[in-house]
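Chain lettering (A, B, C and D) follows the sequence in which the chains are written, and residue indices restart at 1 in each chain.
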Amino acid sequence: MSTATAQFVPKDFKSDLKPIWCPGCGDFGVLTALYRALAEIGKPPHELAFVSGIGCSSRIPGYATSYGFNAVHGRALPISLGVKTANPDLTVIVASGDGDGFSIGGGHIPHIIRKNPDITFLVMDNFIYGLTKGQVSPTSRKGLKTVSTTYGSMEEAVNPLLYTLSYGAKFVAQGTPGDMKGLTKILEEAIRFPGFSFVNIQSPCVTYGEERDMIKGQKEVMVNLEELNHDPSDKFKAIEIAHQYGDKLHTGIFYKDPNPGPSYTDLLKELQNELKPKAVAKDKILEMFRPRLK
Amino acid sequence: MSTATAQFVPKDFKSDLKPIWCPGCGDFGVLTALYRALAEIGKPPHELAFVSGIGCSSRIPGYATSYGFNAVHGRALPISLGVKTANPDLTVIVASGDGDGFSIGGGHIPHIIRKNPDITFLVMDNFIYGLTKGQVSPTSRKGLKTVSTTYGSMEEAVNPLLYTLSYGAKFVAQGTPGDMKGLTKILEEAIRFPGFSFVNIQSPCVTYGEERDMIKGQKEVMVNLEELNHDPSDKFKAIEIAHQYGDKLHTGIFYKDPNPGPSYTDLLKELQNELKPKAVAKDKILEMFRPRLK
Amino acid sequence: MNKNLIIGMAGAGGDGVVSAGDSLITALAIDGYHALLTKSFGPQIRGGESSMKIRVSTSPVRSIGEYLDVAIALNWEDFLKFGAELPITEKTIVIYDSNTGIAPENIPVKGKPFKVLSIPIEEMAVNTAKTNRAKNTVVLGLISGWFGIAEDGIITGIRNKFTKKGPEVLKGNEDAFYEGVKYAKENPISDKDITISKPPAGAKGKLLTDGNDICAAAAIFSGCEFFGGYPITPSSEIMQLLNREIWKYGGSMIQMEDEIAGVASVIGASFAGKKALTATSGPGMSLKSEIFGLATMAELPMVIVNVQRGGPSTGIPTKSEQADLFQAAFSAHGDVVRPILAPVDVHDMFSTTVEAFNIAEYYQTPVIILSDQELSQRKEVIDEIDVSAFKIINRQLPTEAEMENYERFKFTENHISPVSHPGMLHGNYLAAGIEHSESGAPTSSGELHAKMIEKRTRKLDPLKKRSDLFSTFGPSDAELCMISWGTVAGVAMEARDLAEAEGIKVKLLVPKLLFPVAESVYMDYFKSVKKGLVIEQNVLGQLYHIIRMFVNVPDGLKSFAKAGSNPFGEHEILKKIKEL
Amino acid sequence: MNKNLIIGMAGAGGDGVVSAGDSLITALAIDGYHALLTKSFGPQIRGGESSMKIRVSTSPVRSIGEYLDVAIALNWEDFLKFGAELPITEKTIVIYDSNTGIAPENIPVKGKPFKVLSIPIEEMAVNTAKTNRAKNTVVLGLISGWFGIAEDGIITGIRNKFTKKGPEVLKGNEDAFYEGVKYAKENPISDKDITISKPPAGAKGKLLTDGNDICAAAAIFSGCEFFGGYPITPSSEIMQLLNREIWKYGGSMIQMEDEIAGVASVIGASFAGKKALTATSGPGMSLKSEIFGLATMAELPMVIVNVQRGGPSTGIPTKSEQADLFQAAFSAHGDVVRPILAPVDVHDMFSTTVEAFNIAEYYQTPVIILSDQELSQRKEVIDEIDVSAFKIINRQLPTEAEMENYERFKFTENHISPVSHPGMLHGNYLAAGIEHSESGAPTSSGELHAKMIEKRTRKLDPLKKRSDLFSTFGPSDAELCMISWGTVAGVAMEARDLAEAEGIKVKLLVPKLLFPVAESVYMDYFKSVKKGLVIEQNVLGQLYHIIRMFVNVPDGLKSFAKAGSNPFGEHEILKKIKEL
């Protein structure tokens, strides 16, 4: 398989399907940033596998020219692990939503992070269930009134940045289509990172979201981590900042392991190479059942 | 329902079923400590609902005289939430294992913690799958060789103490049957805590566990938090210590919120009381569908 | 005078097509008409094309009907997207907006409609209300004017809706409506009797709702005090209504983190002694099936509503299908018999839900209600329901005598064991998914296992005698027959009426109880039968094949099955009957 | 001379009953005997009672057999716990340890065995090896001595095992064995011919394995390069063998966090172009069913092994049952047809697994293998398998021409569309659980939906002609018939032999393909049939009813179904045949 870097422009990654998002949906910006990042990276679309679950956000793979797998709700991560393990040469990206990723799919996150395959996990966090028309999501703020919380939600929100850092993720970042340039750069770095990378993208749902989470509202609480002079190798500081999720919108790279070490598929490959010499021919495989007296 | 405190002794909580654990299994000690804690608390067995999943550890409810629900693998937490919500007067305890709780059931933990019902979650963490005969578990240390990791596990272990603290749990503790007195006290405090409480119990699997995790091995790395003068209201310190999970065995209460506030069922009750006056009689319930011109 | 009128309309997002339908059906309901409204949308969440189809009648309506009497296109591109859902025939009056610039003889419609009217809808809207957003109001005026219906209701509705937007907007919309009425009066459709009879006197007092909402209300009526679930189209409204109401009755509703947690919380609540419900659609059903098996094993009541949508997998979430029957009957591993009920219309959803809770509690079993997308979301004007006629059954608790040496899973004559719950003194027991003895102790004894499976399956046998859970229509000695279920049964009823009107002797059986298969009911029904059709909206002929498992069917009984998203029409069924 | 010998033995934990069985069958395999070994345990993980049952023969063995020729009780309490699994008749020679202190005429056994021998087993062990842990070695000596089998093999085994424990232990165990042999020789069983024929010359070269291990090996042979799963009894050994071996072939195995993640990783690997497998038992099957539906919809191959155990729910994890057929056929929502294969014995598991991968890859479909606890864990001496006779099928990739304007779900004559995978230039497409067009674009068109369901179901039609996936035994014109599947089929074969020996004309059909139902195969088979039995280890008669769905069965065909954990016996079946 060729992995030679060719020259690509963003529209090489744009498919013929027309997005059916609501006019103004934040996901349009995410998609554009992604096209740009992919063009920058220059891997040909056919060497890219783009996996998603179900949700407005999870439609993204259909809008890219790569191989895509728009699977079922909540299972994009374990599916992506199968893809990457089966063919480690592929660039594997996962698109998800706050419901798809943190609610039904939340149980898969610690386990893929502790394996650390070279997969990029993008969550379009809009604090709501968009596709199913506005129910409360795990990142919805306590007290939020929605069609499924008439009298206000009674539970604390999850904190995706803090959780993934606690799980030991080696790359954690946050962006927004409110800062396209920043988002594009983050996506590029995340995809290039040689291990599991997580990007939380605060992508407004203009139809069911709260006013404060629209691009305009975001701008009031947006803080650029670079401008804060945050050192992305400082994990404890990253954790501290992550606690402000929901109040402030920090954009940039929270944490990036300066010594990422081998990824999961690196380790698997090593094992395969080590054990290969011990293989008996497949047509002799039943020899292992030759009775032996112990 | 009576909740009057009666006089109970540990054996009032011991059922007729004979445990089928391996001789020496740590779970025997956990069970005994639990009988003692329950006697201390003095709630009658019939006001106690004891829910578990599947695993050696999950057999515990059968050995208690309370109401028990030995359900399916990984779902004890959401089941317990249904029990507690349906009848908030019950004392609800969940028993689980490192596989049942952190692997298949791991996705339920953040969501029950952010709701904060008054439920006690006990995990018998033996770093292995006992009931299914020795496969790697999510708390198994990286490199561990088991029947399902012949060449050594290739993933980092989960850190239950750190995770639950990051999820915002208001009560997090750790114990071991290697310190029966300490364990009994922890269990008692956990059950009394008016909110969600989590106790990680390092309960050795004498059949499939590693030598270092047997009671004898534990003693070498055991540190009592009280002796450390740890302040259980200091969450940041708790998180710092939690990072040593797997190397040291800290026993005692890592964190206990000094101002726990109302639990989830408190909030639900409040809402019910507030809305009760708005109820129309059930035989008039269809009136809501009387057509009205808007 | 017509007894029946079917109007279809489509337009772009923002044209207010659906809200026009809502206004119209509300006014009709208040006037005492029967009516049924379906809506359809493009794949977009917002801003996509939308359509509505409404059927008005002076007698009960059992399906949305096949062909349009009146077709209204606000623009043709969007109208055509709804294809088979809005079929135009040579009897249809077609109305469209002249702003499309298409001449009546050039409209993009196959065949020749009865009449084609190009009407300056947008122009009237802009002239009166100063905005093309009032196009739907103009259309309501046209409908009201031509067909002589609902004028008072609609104008009241307009007033209620627009008063808060200020006198100018209100006036504009009133004008738009009356402009439509005026246009209709000035341009009468004289070559066809298009008026519709007045509803019979005293016909008022109707209710207006849809399948999801009435299901939720019926659950509260049945004593349901817990709902645990997870949103999924097209079932979420059940959860949402309960979220608004259940607290008032001391109950609670939790949106859980996924479907497994949803049904897990439900089994927990049931264990704790409460009636409990979950609702979902196909993908959720697949996820929940492990816990269904646990409920069967631990003999814990629960009701599950599956609002079926197009499958398999994510399929077509916004379209109706009846393809989850196999799954409902056979999804959990092991030897399991689980009752399944299906309502045929919105009205019937009430009694079906009450029945489901009664069966669940009495037999200590999970019960599945198979609804479908159409039923769940179509609005229906229904007659009032005499709720006092319903009996509410609660699970059998142990008596004090039974509490001495209480055995939770005691073998009894009817195989039902009194069940305690936490909080009851002396009722303490271990519920489990593991096979167990009468007392609840885990066992691996083959003998006990056999007895317990027998208990769990045999206890449901009386259900198979419940002929009251079956409706029949037509002469009992007919040689031709139909069997149909769910919303498709409504179409089959209409088809049977058409057949009867043509002198064809045919009967129809509509099972509300789909599983276990009531062998004797079918055997009785088949006695006279030589040929027939089992009509259902799936490809594999699921009910047809399930009946065959247990009953020797007549050789001439065939499956008439069609994939979801392709609605059945009464004429289509009639044709098929004739071909038998 | 006997051709056949069935020995059963039980004792407490630590008595080494199971390891004695393992030593014995290994020695027998090396000597060229056919043999079959089953093991059974109490509920404890360790230290509980255990039993083994071994059948030795000079010709192929098809079931473990019903009654014991020899019963060995190291203590009676534990022996009795295994009840129906170790049945003693008036032909049985009973051996037990005199240390139990019970007189031969007082042993707690119903009826009168042929012979009862109280033997100082423990005493001999302690006298020789200085430990009662050598009781099992003494028993091996007794068996070897009396029945004239496997002396060389057993002693070699003892040497290999104990050498590393030092000369003293080794010597002790050797002595214990010979003490047993000596005791047998000195106390011959003269009133019955208990010797067993020697295996035919050249009978060596056999293999010894169980259903799980050979399944895993067959997967590697079939080209499987990925396994994702989660441990569950009694399937975990499939995962575990792959964990040891698959890396050597460039493949990988991941123990995932749960069953859903397991099968999700498998569909991911399949999407990426690799042959992939998962294995589980009932509860895992229930959890995985949503992804099975996705695999059908996205037309991605995968193989799933369900090692059935007692159900529903957690059920009886350590006992065999065949009650997951309904689930295998009907578990995912929507209109789905999913092939199901069932092996009848350990040898057959090899070809079944290869066939499953071939079908999965050729038809681009998930395929379920229904194994069962007995098959998965029983050890069988099998004849060598000529693997060169097997054809390996790979999925059809698009040609270069097809890659121009590639359409992943193209409608073709055989309904199979060439499939690309990531990494293939120009093959880019969107796989989805959403209904889609030929190119893979999401759709909610009813017309496309109907065509795509037809494509996905019709493509499997050729399977229904695969009569090679059915075995028949006995005269094809018999009026009496049996149908049986899985390990129970082995018992049915023995029953048929017994019947034939008694002059009863009866035939037997054993389907390896359980679903889709091969209508013509059954119709052919039923031509001569008046009466018959469908024999299976479940309560609902699952295969019986599935056949009825699609085939008109003879009136006299009945279901003979029994709950799991209650093994069928060949005489029991024979009796039932006679009663027909």
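Structure notes:
The rule is short, and it goes like this: a contact is a pair of C-beta atoms (placed from the backbone, for glycine too) under 8 Å apart; a residue touches a chain by one contact, two chains touch by 3 or more.
What you see is a predicted model, and the numbers here were worked out from it, not measured in a lab.
Among the pairs A-C and B-C, the greater number of C-beta contacts is found at B-C.
For B-D, the matching interface among the pairs B-C, A-C or A-D, defined by over half of the contact pairs being the same residue numbers, is A-C. A separation of 42 Å divides the Cα centre of subunit A from that of subunit D. Averaged C-alpha coordinates give centres for subunit B and subunit C that are 42 Å from one another. Shown for subunit D are the residues that touch two or more other chains, namely 43, 247, 257-258, 260, 283, 290, 294, 298, 313-314, 432-434, 442.
In subunit B, the residues touching two or more other chains are 54, 72, 103-104, 106-108, 111, 138, 151, 268, 271, 275. On the subunit C side of its complex with subunit A, the touching residues are 42-48, 230-233, 236, 239-240, 243-244, 247, 255, 257-259, 283, 313-314. For subunit D in complex with subunit C, the touching residues are 43, 83-84, 260, 282-283, 285-287, 289-290, 293-294, 296-298, 306, 308, 310-316, 318-319, 321, 323-324, 326-327, 329-337, 432-435, 442-447, 449-450, 453-454, 457, 538-540, 542, 545-546, 548-550, 562-567. Residues of subunit A that touch subunit D in their complex: 1, 15, 17, 44-49, 51, 54, 61-62, 65-72, 75, 77-87, 89-90, 107-108, 111, 268, 271-272, 275-276, 278-279, 282-283, 285-286, 288-294. Residues of subunit A that touch subunit B in their complex: 103-108, 110-111, 114-116, 138, 151, 154-159, 162-163, 166-168, 264, 267-268, 271, 275. Listing the residues of subunit D that touch subunit A in their complex gives 23, 26-27, 29-30, 153, 156-157, 160-161, 206-209, 213-214, 217, 220-221, 225-226, 228, 245, 247-252, 254, 256-258, 260-262, 264-274, 276, 290-291, 294, 298, 350, 381, 384-385, 387-388, 421-434, 441-442.
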